[in-house]
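Once you scroll down, you'll see the structures, which are given as structure tokens.
Shared chain: subunit A. Partners: subunit B in the first complex, subunit C in the second.
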Partner chain A sequence: MPGKIKWTYYKKVLKHPLVEQGIPFISGHSYGGFRVNAVGDDFFTKFEYQPGQRFSFEAADGGSGHLSETKSEAIAGAEAAKLLGIKLGDTFNPTCGVNAGDPVHKHDFIKFVGIMAPTGTAHDRAIFIPLKSFYSLEGHGSAVQEMADDEDSREISGAYLKLKHIRRGALHPGIQELKYDINQSQGAQLVIPAEVLPRLYKIIGWADTMISGIALMVLGLSCIFLFSSLMAALRERRRDIALFRCLGATRRTVFGLMLTESALTSLFGALAGLIPGHVLVGIAAHYIKIESGLHFSPLFISSADIWMIPAALLLGILIGFLPAFQAYRLGALTNINKEN
Partner chain B sequence: MLIRVENLKVSYRSGTETLTVLDIPAWFMEEARQIAVAGPSGSGKSTFLNLLSGLLLPSSGSVEICSEKISEMSEYDRDRFRGRHISYIFQSLNLLQGYTALENVLLGASFSAGRAERKEAEYLLEETGLAARMKHMPSELSIGEQQRVAIARALIKKPALVLADEPTGSLDRKRGRSMIELLQKVCLERQAALITVTHDLDAVKAFPESMDFAVINRAFSGEENS
Partner chain C sequence: MIKKIFTAFICSSLMTLSVYAHDHKEGEHKSAHGGCLNAICECEVGHAEVKLEGDTLKVWFVGGGSDTLKAVKIPDKELILSVVPEGAAAQSLILKAVPNELSEESVGNCSQFAAKADFLKGVKKFTATGTVTFKGKKQPLRIEYPEGYDPDEDEDHDHDHKDKKEEKK
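Coming up: the complex of A and B.
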């Protein structure tokens, strides 16, 4: 069966004053390891995968082709098209199920007429067919095929609902009542991402806190290590510093040299963490994209990355201040003949 | 006149007493002269060099070099003055271990007003017989070779005055003599005055002029008390 939600119930929900728009979908099919979802016609014209962002088929955006015009036409997400080598005009037979060995609709040939521009979301890793073509697939039997023409008998897996907001980012308070009504009904459940995601982040937030704690500990240890290294270097280089003074270096020069060394050590330390970090993102991004379709760019420079450079320099200067002051105070004559 | 010293005294307080270790009423030196300062240990030879270099301030009196009274300068100005006009060669081998011979020579001009010229440094190392050892670390050089690097480093900034404190102290007699000859030659070529403190009589003989510091320093000879 296509799904658990009756079309009539979906239509009823659509009529609710707090529901602005709905796009039905049916899942459960696949091709080449990618999900084949049947979607309502509005999916490509009205659905926003990010606020203000709609799917594009423009070549300038990286897309090609056009929307499905008949029920035997499909659209491929960018990543699915790339990995399966899909070209416009290619045909495929969808598999009835998502597991290996599930039956294939051998006599239903669906042609690719569009490839969506990359979105950086899971939609890149799916194939979309019109809702009607799902009901018409040969292997689904007459009960399902009748749904193609008889809307009221249809069933769907779910629907994307656009709910009324009182302002940007704030849902109408009446939504809670709608949610209650839907969740009390049989066979449907309303999930509001804006509510679920913060709860999810709260659950996994401890990991974030722990990583931040570890980072702070590493930072603290690095500071201690840098400070003790500079002090040890100072002890070892007393004669060198005295030699600089004898060659004409002023106390200020010696102070500046020590401070510069500290700042540069700190800066290189930050870069030595930052650059491999981005390389690691670059390596992981490939696998994350394959697994989830989410796109992470190693070239993305966050504000934290930008602030890290002056912060590392400042930290280096602060840590180096005491060793530099000690170097400033070193007497040239008393240290020039000292053995290290 | 390159150096003019007048009523130079260095005294230390020891409890309630004041101990004078150096007392020179007057001493002069012309430009580009070369002189050996001899005298027994404790006669104040090194203290005298430290005063001339500006690393030490006298308790009283004045030191004038290149017509500038360095004894009245601030420490910052003395450091800068030394960076421009005075080079110091030590008895102990004071090369930076992490630097090549060439880099050590270039370091000699790092704190002077002019830029360190790589060609000049290479030329000096060739002149001191180290053409094949420029890229060597101090640990790969013999003591004599290290001392020659120190001589090249002292001359790189074209100083008016080179002060050498027991430059042959770590060398045997033969190498000591050749080191003094080299030092005299390169100083003469660059018209730099040379004052070498030594208690090596062979080294003293190699100089056209010498002075017995035990006589010049009244605090050591006891003349001041007479």
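Coming up: the complex of A and C.
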């Protein structure tokens, strides 16, 4: 059976004053290891995979072809098309299930008429067929085939709901009551991603805190090492500094030199850390894209990256202050003859 | 000297991390509609979530313990409550079952009840008593609005039953 949610129930949900729009879908089929989802007609024209962003078939965006016009036409996500070598006009037989060995709809040939432009989301790793195609697939039997025309018996796997927002994009407070009402029913559940994701982050947040803690420890260690190396350098260079002073350098020049050394060391350390950090993101992004279809760019420069440069400079100046002050106080005559 | 600083740094970092790791709140009762929760029999058995909006009193029957977002269907078609507004005499109020279509409810298998009455207008605080067939048993029902009623209120029971909106006021 296609799903658990009765079409009649879905229609009742659509009538709720807080629901602006709904796009039904049916999952459970696959092709070449990629999900084949049956979606409502509005999916390609009204669904926003990111706020304000809709699917595109424009060549300029990296897409091709057009929307499905008949029941035996399919659209491929960019990643699925690339990995399966799908070209417009190719046909396929969907598998009834998502596991190896599941039966294939041998007599149902569906033609690819569109390839979506990359979205950087999981939609890139799916193939989409019209909702009614699903019911009419030959191997589904008469009970499912009747669902194409009989709304009372029709079932779906789920639906994307666009809910009403209030000012500043916040969800309408009545959504909680809608969620409560739907979640009391036997066959449906309302999940609000904006609520679920923070809960997920809260669960895995300890890992984030741990990594931040480790980063802070490494930062602290780096500060200690920089400070001790500056102190050691000062001890080793006492004679050079004294000589420098004898040649006419003022105390302020010596102070400035030490401070500059500390700030530059810290700055180059930060830059040297940023580069491998972004390389690591690039490597991880490759595997994340393979597994989930989500795209992370290693070239993305966050505000943290930008703030790190002046922060490193400031930290370097703070750490170098004491060694620079000691260099400032160094007596030229008493140190000129001292060996290291 | 550096060793001491380093040791102090490691210790303070580990302490900070352990504080983060143990910083979690104990489970709180949540009301789905922003009303106050009134325990039925005892807190673990179930709750009646109560909300007063103008002249309309709404009651939702929900589960006990942490199941306060899960409805409990009631076979009663109506509830008769004796309502005592603060500083006023007791009045009888009949709450009718209001089946919710999305919750697939019907009269006789319904978790939501409501009643309208002029005397409820402007009432800020009241107590109400009655009976309800809850989880197969006739149970006494006591409502304390807006604080919420909790017979188990003792040192081991420190969670909140208050109406969240009232609390904000």
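A few points about this structure:
Keep this in mind: the second predicted complex is superposed on the first by the 335 of 340 C-alpha atoms of A that agree within 3 Å, B and C clash if a C-alpha of one lies under 4 Å from a C-alpha of the other, contacts with A are read in each partner's own complex, and residues count from 1 in each chain.
Here is the rule we use: a residue touches a chain if its C-beta (ideal position, glycine included) is under 8 Å from a C-beta of that chain, and two chains touch if they have at least 3 such contacts.
Keep in mind that what you see is a predicted model, and the values were worked out from it rather than measured.
Annotation: superposed three-chain arrangement on subunit A; subunit B versus subunit C shows no clash, the two fitting side by side.
In the superposed model, A:Arg251 makes contact with subunit B only, not with subunit C. In the overlay built on the shared chain, the residue A:Gly213 is in contact with subunit C alone; subunit B does not reach it. When the two complexes are overlaid on their common chain A, residue A:Asp181 makes contact with subunit C while staying clear of subunit B. Applying the stated contact rule after C-alpha superposition, one finds that A:Val13 touches subunit C and leaves subunit B untouched. Between subunit B and subunit C, more residues of subunit A are touched by C. Touch criterion not met for A:Tyr287: it reaches neither subunit B nor subunit C. Vectors from the Cα centre of subunit A to those of subunit B and subunit C enclose 120° in the overlay, to the nearest 10. The minimum CA-CA separation between subunit B and subunit C in the overlaid arrangement is 27 Å, rounded to the whole angstrom.
Touching of subunit A by both subunit B and subunit C, each in its own complex, is seen for no residue at all.
The residues of subunit A lying in touch with subunit B in their complex are 239-240, 243-253, 332-333, 336-337. By the touch criterion stated above, subunit C contacts subunit A in their complex at residues 2, 5-6, 9-10, 13, 16-17, 20-21, 32-34, 69-71, 100-105, 111. Listing the residues of subunit B that touch subunit A in their complex gives 50, 53, 55-56, 75-76, 79-80, 82-84, 86-88, 90-92, 94, 96, 107-108, 110-112, 153.
Looking at the complex, you find that subunit A touches subunit C at residues 9, 12-13, 16, 176-186, 206, 209-210, 213, 216-217, 220-221, 224, 228.
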